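Below are two complexes that have subunit A in common, paired first with subunit B and then with subunit C.
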Partner chain A sequence: MKHWWKILGIFLMIYSIVAGIGIPLKPGIYDASPSKANTGEQFTMNAVGYLTQFDKTPDDLRAWLKVGNDFAIAANSIGVKNESTLNVSFQIPNNLPTKDRVVDASLIIDSKKNGYAIFPSAVFITNTTQQTSPEGWNNSIADMHEFKSMAFPYRNILQETIRNLFYHVPLWFGMMIIFLISAINSGRFLMTKNQKFDHKASAYASVGTLFGILGLVTGAIWAKHTWGAYWSWDIKQNMSAIAMLVYLAYFVLRNSFEESEQSARIGAVYNIFAFVTLPMLLFVIPRLTDSLHPGNGGNPGFGGEDLDNNMRMVFYPAIIGFTLFGAWMATILYRIEDVKQRIEDRAFYE
Partner chain B sequence: MKEIISCIFTFLFLLTQNLLFAQSSHDQFMRSNGKIYVVIGVLISIFIGLVLFMIFMERRLKKLEKELNENG
Partner chain C sequence: MNFSTQIFHLIKKEFILEWRQRYALSGILLYVLATVFIVYSSFVRVPDTAWNSTFWIIILFASVNAIAKSFIGESGNRTLYYYSLMNPYAVILSKMIYNTLLLLILCLLCYAAFSFIAGNPVQNTGLFYLILFLGGTGFSITFTFISAIAAKSKNNATLMAILSFPIIIPILMTLINLSANALGMIKNTAYTNDILILIAIDLILVGMALILFPFLWRD
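Presenting the complex of A and B:
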């Protein structure tokens, strides 16, 4: 079977779409209100869950408000309205445990069936007495339950769009691999002076540019609904747009010479330089300044809670699938170029 | 061939017009059901990109076929 890798690529792409869309998210907290409280008051908040089943096991529900890493208060009553709505009441102590005037507290809800869910910065608690004491605050959070069935992590703001990790990120990983193959073919052309390798390099660069542009478009759609704008002038967005311009210049350069030998040679040298700039533009510069992308600037990497083992089982096959599919497209484009060259050669010798 | 391309561009044009003028309801729709439609949008845009690439390759092949018909 000569075509096994194409079949594998298509299989992995279908797998990444079916598993990436089909596997549910873990239960999470979608919303909590009101978001302001004062010290010393009896505070009741309305928590809305996502994919939760609060009504199935109303007795083993537990909830906390957590301040920093060391302080928390447990809820003194939890009322279940329906499967996704809770009324959680807290007796907030008279003083805050830290010196701040206002602290933000995360809401944590735990149950055997749904596992634990965290809503960061759910309440801002204002210190009305302006005194600091840890009295009433203790870290009683223990015996947390994990959600048992196969699911992807629920992240606030990201929600279901966490699945875009299987479609947006593999485009960029696949683009890097395809541009690497393109640069290797350019190097082989410079060593052998065989036109075949130049056509291969150009075909792979075309597919790499397609993947990059699709990466920009899919990233913009994702950004609109999580960061708030299609283009936030984020350093990684800007740098990847520049990387695309660098590769568009490769095609302009390659097509601007009359003589094919000369255009192939200059194109190959430029292609190798273009590939060298890629890691700088996509990995080095975004690390130096602030970026909205995970793993850049002050942001933590896309790992831990964001990329658990269930997601890895879809994410890595998706990268291989997209890369193999891109390589397939590139071989078809190369074969078209090759046939064109042969027709021209035959016409020349006749 | 030309009809197909003009068809696709008309469709894309209408789509963007729709998105521009119905911004708020579009936003509401995209944020419903845990923002799952953002994932659908991403998948559709990847599909459209692959289709446009197919058209690009077909046009190159068409040129070759023409050349063969004229010379061969």
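Presenting the complex of A and C:
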């Protein structure tokens, strides 16, 4: 079975697409309004859930407003409108537990069926009485339920786009590995002067460039949802686009020579040089300035609660699957190039 | 000839050639002056941010023009002559050292012209000279190596630009970031980090250029 890795690649690709699209998100809170309240008032808010089934178990619902890590008040009544809408009422105490004039409180809703869901900064409570004391703010959050079935975490703003982790990130991982293979083949060409390695290097570079462009496109679609625009001239976006220019220049360079040995040799030299500059463009420079991209400019990267074990079970196979699939594409490209070369050589000798 | 004498003679040769065809050098210097005048007349009062970015962009274009000829200018026969005599490392190193010196002159002239015409907003002068030095070195290393690649092709002027501009961007971004510090536009006490990044980039590029040049030069 010398084709085992191609089968593995296809299997992992299909798995990551089916599992990555098919597995639902955990129930979460999508919106809560109004977002302003005063101390001492009876406050009723309208919470909109995503994928929640409030109407299935209306009696098991509990809700809290949480301020900081230590203080919370429980809801005094919860009315279920339909499967995704709740009316939650709170009697807000006359005083705030902290000295701030305005505090932000998170809305937490727990249900037996949906597990618990958090909506950060749901309400801003203004202290109209100017009193500071923890009275009335008892932390009664306990016995939280977990969502039982297989699901990905629900995050505000990210929502369904959290699945982009299975496609966008593996494309960039795969691109780096494929460019590395391309640079290694260029090195072997310079050592051996065997045209075979040059064809391999250019095939891998083509697939790497394709992966990079797809990575830019998937990133842009994700950015439209989370950052508000396809292209926000973020440093990470700019540097990735420039990295693609580096490799497009490689193809222009290769095509600017008539003699194939010279084109291969100079192309190989530039390919290695380009690969060395790639980490600077993608990893060093985005650290210098502010960036919206996860993992840069103080933003959390993947890890923590954004990447739970369910996601890991799709994310890591996706990296391997995309890389193997790319390598397969490159071997096909290489063989086409190799056959072309042989036909040319035969025509030359006849 | 041992390695260092080879480098010494090659650099000496570069200086003699430059002196014989003075129009090339004076052309570059006039280029800098003319662009500084254009910048000044289009801005009249140059704001600090514009000062910073236009300064480095002028240096960028002037260095591409100055360095592009370093391999393209060599005739085929003379190249053949070097190849039979010299060590490839001596050839590329001497070009890099010579181009660094040339770029340092160019940077200083550009700085002087900017200060004279558009004002001098630099607050941390010592840091700015260090940045000029590191920038000149980085530009020289990258452009010298790329010009060695581009010189092999017929349409070398286009290739020089498309090959070198994407690769120079990490250096250029770090430089603009650092010199914004020297201009007092941003207060970043951790700028030594950026300086170390710049030195690391320069060293990596020199290393790669030295490893790859022997494969490049012999046709």
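Things worth noting here:
To be clear about the criterion, the second predicted complex is superposed on the first by the 344 of 350 C-alpha atoms of A that agree within 3 Å, B and C clash if a C-alpha of one lies under 4 Å from a C-alpha of the other, contacts with A are read in each partner's own complex, and residues count from 1 in each chain.
One rule holds for everything that comes next: a residue touches a chain if its C-beta (ideal position, glycine included) is under 8 Å from a C-beta of that chain, and two chains touch if they have at least 3 such contacts.
The shown structure was predicted, so the numbers you read here are calculated from the model rather than taken from an experiment.
Applying the stated clash criterion after superposition on subunit A shows that subunit B and subunit C can sit side by side. Geometry note, superposition on chain A: angle between subunit B and subunit C about the Cα centre of subunit A is 80 degrees, to the nearest 10. Once the two complexes are overlaid on the shared chain, A:270 sits against subunit C while remaining clear of subunit B. By the touch criterion defined above, A:11 lies against neither subunit B nor subunit C after alignment on the C-alpha atoms of chain A. In the overlay built on the shared chain, the residue A:124 is in contact with neither subunit B nor subunit C. By the touch criterion defined above, A:329 reaches subunit B but does not reach subunit C.
This overlay, made by fitting chain A, leaves subunit B and subunit C with a least C-alpha separation of 23 Å. Comparing the two complexes, no residue of subunit A contacts subunit B in one case and subunit C in the other.
Touching subunit C in their complex are the following residues of subunit A: 190, 239, 242-243, 245-246, 249, 252-253, 256-257, 262, 265-266, 268-270, 272-274, 276-277, 280-281, 284-285, 288-289.
By the touch rule above, subunit B contacts subunit A in their complex via residues 27, 30-31, 33-36, 38-39, 41-43, 45-46, 49-50, 53, 57, 60-61, 63-64, 67-68, 71.
Within the complex formed with subunit B, the subunit A residues making contact are 17, 21, 25, 30, 50, 158-161, 163-164, 167-168, 171, 207, 210, 213-214, 217-218, 221-222, 224-226, 329, 332-333, 336-337, 339-340, 343, 347.
Taken together, the subunit C residues at the contact with subunit A in this complex read 145, 149, 152-155, 159, 162-163, 165-167, 169-170, 173-174, 177, 194, 197, 201, 204-205, 208-209, 212, 215-216, 219.
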